[in-house]
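The following blocks contain the structures, represented as structure tokens.
You will see two complexes here that share subunit A, one where it goes with subunit B and one where it goes with subunit C.
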Partner chain A sequence: MPGYPARRLGLSAVQALVVLVATFGMTALLPGDASSVVLTEHAAPEDVAVVRARLGLDQPLTVRFGHWISGLFTGDLGESLVTALPVAEEIGRRLAATALLAGVTLLVLLPLALLVGVASGLREGSRVDRVLTSVAVLLHAVPEFVLGLLLVAGLAVHGGLFPATAAGVDLLARPEVLVLPVTVLVARQLCDLARQIRIGVAEHSAGEVAGHLRLLGLPEHAVVLRHVLPGASAPVVQQLARTVEGLLTGAVVVESLFAVPGLGTGFVEAVQNRDIPQIQGYVLVFAGVVVLGNLAADLVAHRLTPRRELVLR
Partner chain B sequence: MSRALGWVLLVVPLLVALGGPLVAGSVDPVGAPSAPPGAGHPLGTDVLGRDVLAVVLSGGLSVVGFTAAALGLAYGVGVPVGLVAAGQRRVVDEVLMRGLDLVLAFPSLLVLMVLAATGHRGAVVLVFTAAAVQVPAVVRVVRAAALAPGCRVAVEALYLQGQSWWRIHVGYVARSALGPVATDAGTRVALVLGLVASANFLGLGLPSGSVDWAVVIDRNSDALDAQPAVVLVPSALLVGLCVGANLVADSVLGRGRRTG
Partner chain C sequence: MTLLRLDGLRADAGDRALLEDVSLRLGAGRVLAVLGGSGAGKTTLGLAALGESRRGVRLGGTVRLGGIELLGLGPRDRRRARAGAVGHLPQHPGAVLDPVRRCGSVLVELAAVGHRGRATRVAAAERALHAAGLDPEHWHRFPHQLSGGQQQRMALATTLVTAPSLLVLDEPSTGLDPRSRERLAERLRALSTAGMALLLLTHDLDLARATADDIAVLEHGALIETGPADAVLTDPRHLGTAALLTEDPPLPPGPVANTPPVVVAAGLTVRAGHTVLLRPTDLTLTEASRTAVIGPSGAGKTTLARAIAGLLPPSGGSTTLDGLPLLAHVRERSREQLRAIQYVHQDAHASFDEFRDVLGQVAATATRLRGLPEPEARAEATALLDAFGLFVGTRHPHQLSGGQLKRCALARALLAHPRLLICDEVTSGLDATTRATTLRTLDSAATRTGVALLLIGHDHQALAAITDRTITVDGGRVTEVPDSPWMQWKRGLR
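And then the complex of A and B:
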């Protein structure tokens, strides 16, 4: 039997294949076909034929799939049905805004989750633990758009503290527009990540190894940093993959709420316009991040717990 | 303390959602759009000139109904499939779980967006998709919970007695697996509630003239400054519903765990 990394890579390859076929098959889901998006209902049959030829819809399905796949490898995602601009360019432009949003969110989220998780995990069942856990659970329960609107109502409209929209603003020139979107994303994702860290820390801190090290007189911070946290890291890495997924979906809602010109707003716009090539591009990017993120998380978690291999065989 | 708070947070929006449509009255436009609270309209009017009180009273039923329907469907499909996966056939288990591994990878809101883009939107699509994306996770939980009880001596005894598949797996194994599955269901309520509301907020479900809380919040969010009540009241009800469901599930199931 092949080793775990090989099997895991195989799963990702099959997942990637399913994504490609499903994304291409999306055009088949359309009532009518893509030419009906470009033309009105009253278009003459000759016009329909011209548009169908331009979009390559008059060729057989297998030929179109081949063209589409070979285009993907050269970075050609087709052209938008609405603006006729290359899809790859549009997505590349928007990628920067979403990457910035996700990056800043992770920079805030990771230390905060570590702090909350370690603080509550080391004192499991104490008042600190109960308060921190309750707050995280409450924040997690509220949908992003409700939390965002409540923040806008409280801090942006009446308080005037932070801008409520990023429309037409250069994100790097005015970073304060990111405050509210990042707050919403962090609030929503904090719970799951902190909970994983808390469980791991509580378990390893109460374990025999940590107890023995404390008896040997090792200072508490060394016990926690060098032994408890590394021991708790494998499930946390896997949770991190879920977090990245959550950030992607959250970004769709948060970006359209705060008008951040990122992948999320682009995706929503493309859906509203039924701009199939654009939607296919966005789906590929989102699904690619999810598949690769899960693969990376599983492989790293596997490296962190090599004993699992022996148990599973 | 948190249990009482949870029940209050949950019951108030539930009462509004289920009882509201009976007392709401007409939601046809009655006055100027975004009028402040005044005579005849205790909460003012929304951007379409509808009475906000009537809209809020009528708009919770879809939120609660869709969530309940999606959860019912997800467990209706997920529990039997999970039991089959946990059964004797190793091949069936492998095929089912590998297949679900593939589906588990895709974020649910994205699936809804793709469906909406290809002209598949509306209440039915929303409920079925919200249910379908939960099925892999439900199957996983049911399978994991049913594996151990399915290997007990009692099951062998039931086989030797010649009991039916239904009697053994639903009557005995499923009942033993109920605890973990109920815990999972508690957390899944808030998850599905959030998904259904977010989808309606993004315009992927109900039409934009609907009185659904999430749709109303979306339509009126630009008028937050002029007419805050129309956004804040449904928002507060949604928060109560989500947080209350979470707290109640936690305290009820937590109590069950301690005693049982």
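And then the complex of A and C:
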């Protein structure tokens, strides 16, 4: 029987296939097709036929699927029905903005979650723990658009500290426009990650391994960094995959709110325009991130739990 | 030179004394064995020698390690004072090895206590590995890739690498086969010859005999006798010591024929649809009898047990308790009948409510089935768990190990004062040490109360150690094993 990594890769391949079929299938099943977007609904039937022939919509479903798939492998996602620009180009541009937003968020989120999780986990049940946990849960409970609007009202409009919108701004040239969006994303995602770290740290810190090493005089920082955290890390890595998914869905709201020209705003626009090739492209990107993110997380987590080979083999 | 000096040491858990007025001296190169039965306070004493205690336990008196009073120090200073001065080998050595780290790297890390420079640390780690009796090939292993005995030696290596002048060993010989015990004794002697002081907490007389210079005997948390090993072992002055020295507990009595029957099953049959799970079975379980039920999995062992306990209504036959008929279903049985037959589930963890404290759940059988008031039930449960070597406090199931929970489940069943105790796979899923402890617990409890035991398992060897009769179940057919080779061998020893 092949090893766990091979089997996990196989699973991801199946998932990817399902995603492809489902993405194409569902957009193909939608009532009305691209011709009704390009033309109006009251267009003459002969015009519709011309457009359908030009877009290849008159061909059987399987042939269209074949074209679409072979296009994918050459990086060709088709052209936007609205702008007639290549979808891949558009998405690529927007992906950069979202990746920047998500990357900066992770850079802030990870150390913060570690700090909060370790601090509360090592003092489980203490006042520090209760305060940190309450704040994290509270932040998690506030929907992104509410927190975003509050921050805009308080810090941007009233306080004038940060720009309220990233509309028409180069993100790299003026990084301060990222402050509020990143804050909203971090606030929302902190809870799950920090709590996962907290529970792992609390469990392993109270465990026999940590107790033994403390008895032998190993300094506390070594006990925590080299034994408690590594022991707690596998579920945290898997939670991290959830966090990346959360950042993607969060991006849809946050980017719209702050007018960041990223995947989120692009996706919303594409749906509003019924721009089917674009929608397909976005869905593929989102699904791809989820599939690859979970694959990476599972493989890393597998490495981090050597004992699991006994169970999974 | 006195390395460790305990004066008037006491330990309390709530208002219960675990140790009282313990005073001991231990010098360099000496081996002091502290003997005592289960629950005598050996583990508490071992931790106290490092100035530590389990949660909920308060220490009093003084613990001087190399002239430094440990109990007066804060946790950080205490840890610093201890580092490299004293090592501790806990009772379940497998549990203290980090499952996600390769053993060698942890040793190098621990070598930082007392060694400077990477090369020096690696060399120290290699020496410790060798001194603990392990091979270089074990360096790159994860703990789960080591056998139980190797795990124990690896745990020993983790303490040796800090180059302590005093080593505290808590029951180091449990779960080891005779040959490994001998080698452990040799290893300990070598360490002491090299100048290390050893504090040996054990009930293993052979190990004490082979290694100890001095012996202290602990009973209910108090020292009842101390002296040179030869004198204490050959000429004990205290009755408690004498009792402890009366070799291993007597072998269980042969098949009990003269005691009155407790539970008698006649033609007991279980069917599921057209499938016969248990063919008509006659079985008599007498007072104080100990029956092992063995057989392959799926053969009907659990079916038989559950049918007797009324957990699985039989489709035919009858069961009597003390000559009176038992109704088939547990719900129809009287409180007295429920009390009389107790069943310990295979999965101890699943048999406890995870959101309530264990002590309360253990005590519940006494309140529900014997009508004891809550405080008395709790007191009795505490005492029984104490006798099992368990201090549960306010802990919840997840705060206890599998072996501990299993013993809690046993205590819960015994607290009902049953006439028949059925244990399903009481040893499965337990490591050798825990298995031995659990069986010992069960053995002494059964001897004390005269309860009839029905033990289901596939580990015949382990069960045979404490049973006197074996029946096999295969394909739903129950067969008596008249006199197993194991029993014959055991009788031959007498």
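We adopt the following convention: the second predicted complex is superposed on the first by the 309 of 313 C-alpha atoms of A that agree within 3 Å, B and C clash if a C-alpha of one lies under 4 Å from a C-alpha of the other, contacts with A are read in each partner's own complex, and residues count from 1 in each chain.
Going forward, a contact is a pair of C-beta atoms (placed from the backbone, for glycine too) under 8 Å apart; a residue touches a chain by one contact, two chains touch by 3 or more.
Quick caveat: nothing in here was measured; it's all calculated off a predicted structure.
Visitor: Contacts for A:Ile276 in the overlay, against subunit B (first) and subunit C (second): which applies, first, second, both or neither?
Guide: It touches subunit B, and subunit C stays clear.
Visitor: Is it subunit B or subunit C that touches the larger share of residues in subunit A?
Guide: On the superposition, B touches more of the residues of subunit A.
Visitor: Name the contact category of A:Phe267: first (subunit B only), second (subunit C only), both, or neither.
Guide: In the superposition, A:Phe267 contacts subunit B only.
Visitor: Now for A:Leu218: first (subunit B), second (subunit C), both, or neither, which partner does it touch?
Guide: second
Visitor: Thinking of the overlay built on chain A, is A:Phe258 touched by subunit B (first), by subunit C (second), by both, or by neither?
Guide: After superposing on A, A:Phe258 lies clear of both subunit B and subunit C.
Visitor: Using the touch definition from the top, say if A:Val137 reaches subunit B (first), subunit C (second), both or neither.
Guide: Only subunit B is touched by A:Val137; subunit C is not.
Visitor: Return first, second, both or neither, reflecting whether A:Leu304 touches subunit B, subunit C, both chains, or no partner chain.
Guide: After superposing on A, A:Leu304 lies in contact with subunit C but is clear of subunit B.
Visitor: Pick one for A:Trp68: touches subunit B only (first), subunit C only (second), both, or neither.
Guide: In the superposition, A:Trp68 contacts neither subunit B nor subunit C.
Visitor: Could you tell me if A:Pro230 is touching subunit B, subunit C, both of them or neither one (first, second, both, neither)?
Guide: In the superposed model, A:Pro230 contacts subunit C only, not subunit B.
Visitor: Across the complex, what residues on subunit C touch subunit A?
Guide: Subunit C reaches subunit A through residues 50, 52, 76, 79-80, 82-85, 87-88, 90, 92, 95-101, 106, 109-110, 112-113, 142, 144, 155, 158-159, 162.
Visitor: Can you list the residues on subunit A that touch subunit B in the complex?
Guide: Those residues of subunit A that touch subunit B are 11, 14-15, 18, 26, 29-31, 134, 137-138, 140-146, 149-150, 152-153, 157, 245, 248-249, 252-253, 256-257, 267-268, 270-272, 274, 276, 279, 283, 286-287, 290-291, 294.
Visitor: Please output the residues of subunit A touching subunit C within their complex, sorted ascending.
Guide: 208-209, 211-220, 222, 226-227, 230-231, 233-234, 304-307, 310
Visitor: With touch defined as at the start, can you tell me which subunit B residues reach subunit A in the complex?
Guide: Answer in residue numbers: 2, 98, 101-102, 105-110, 113-114, 116-120, 190, 193-194, 197-198, 201-204, 214, 217-218, 221, 224-225, 228, 231-232, 235, 238-239, 242-243, 245-247, 250.
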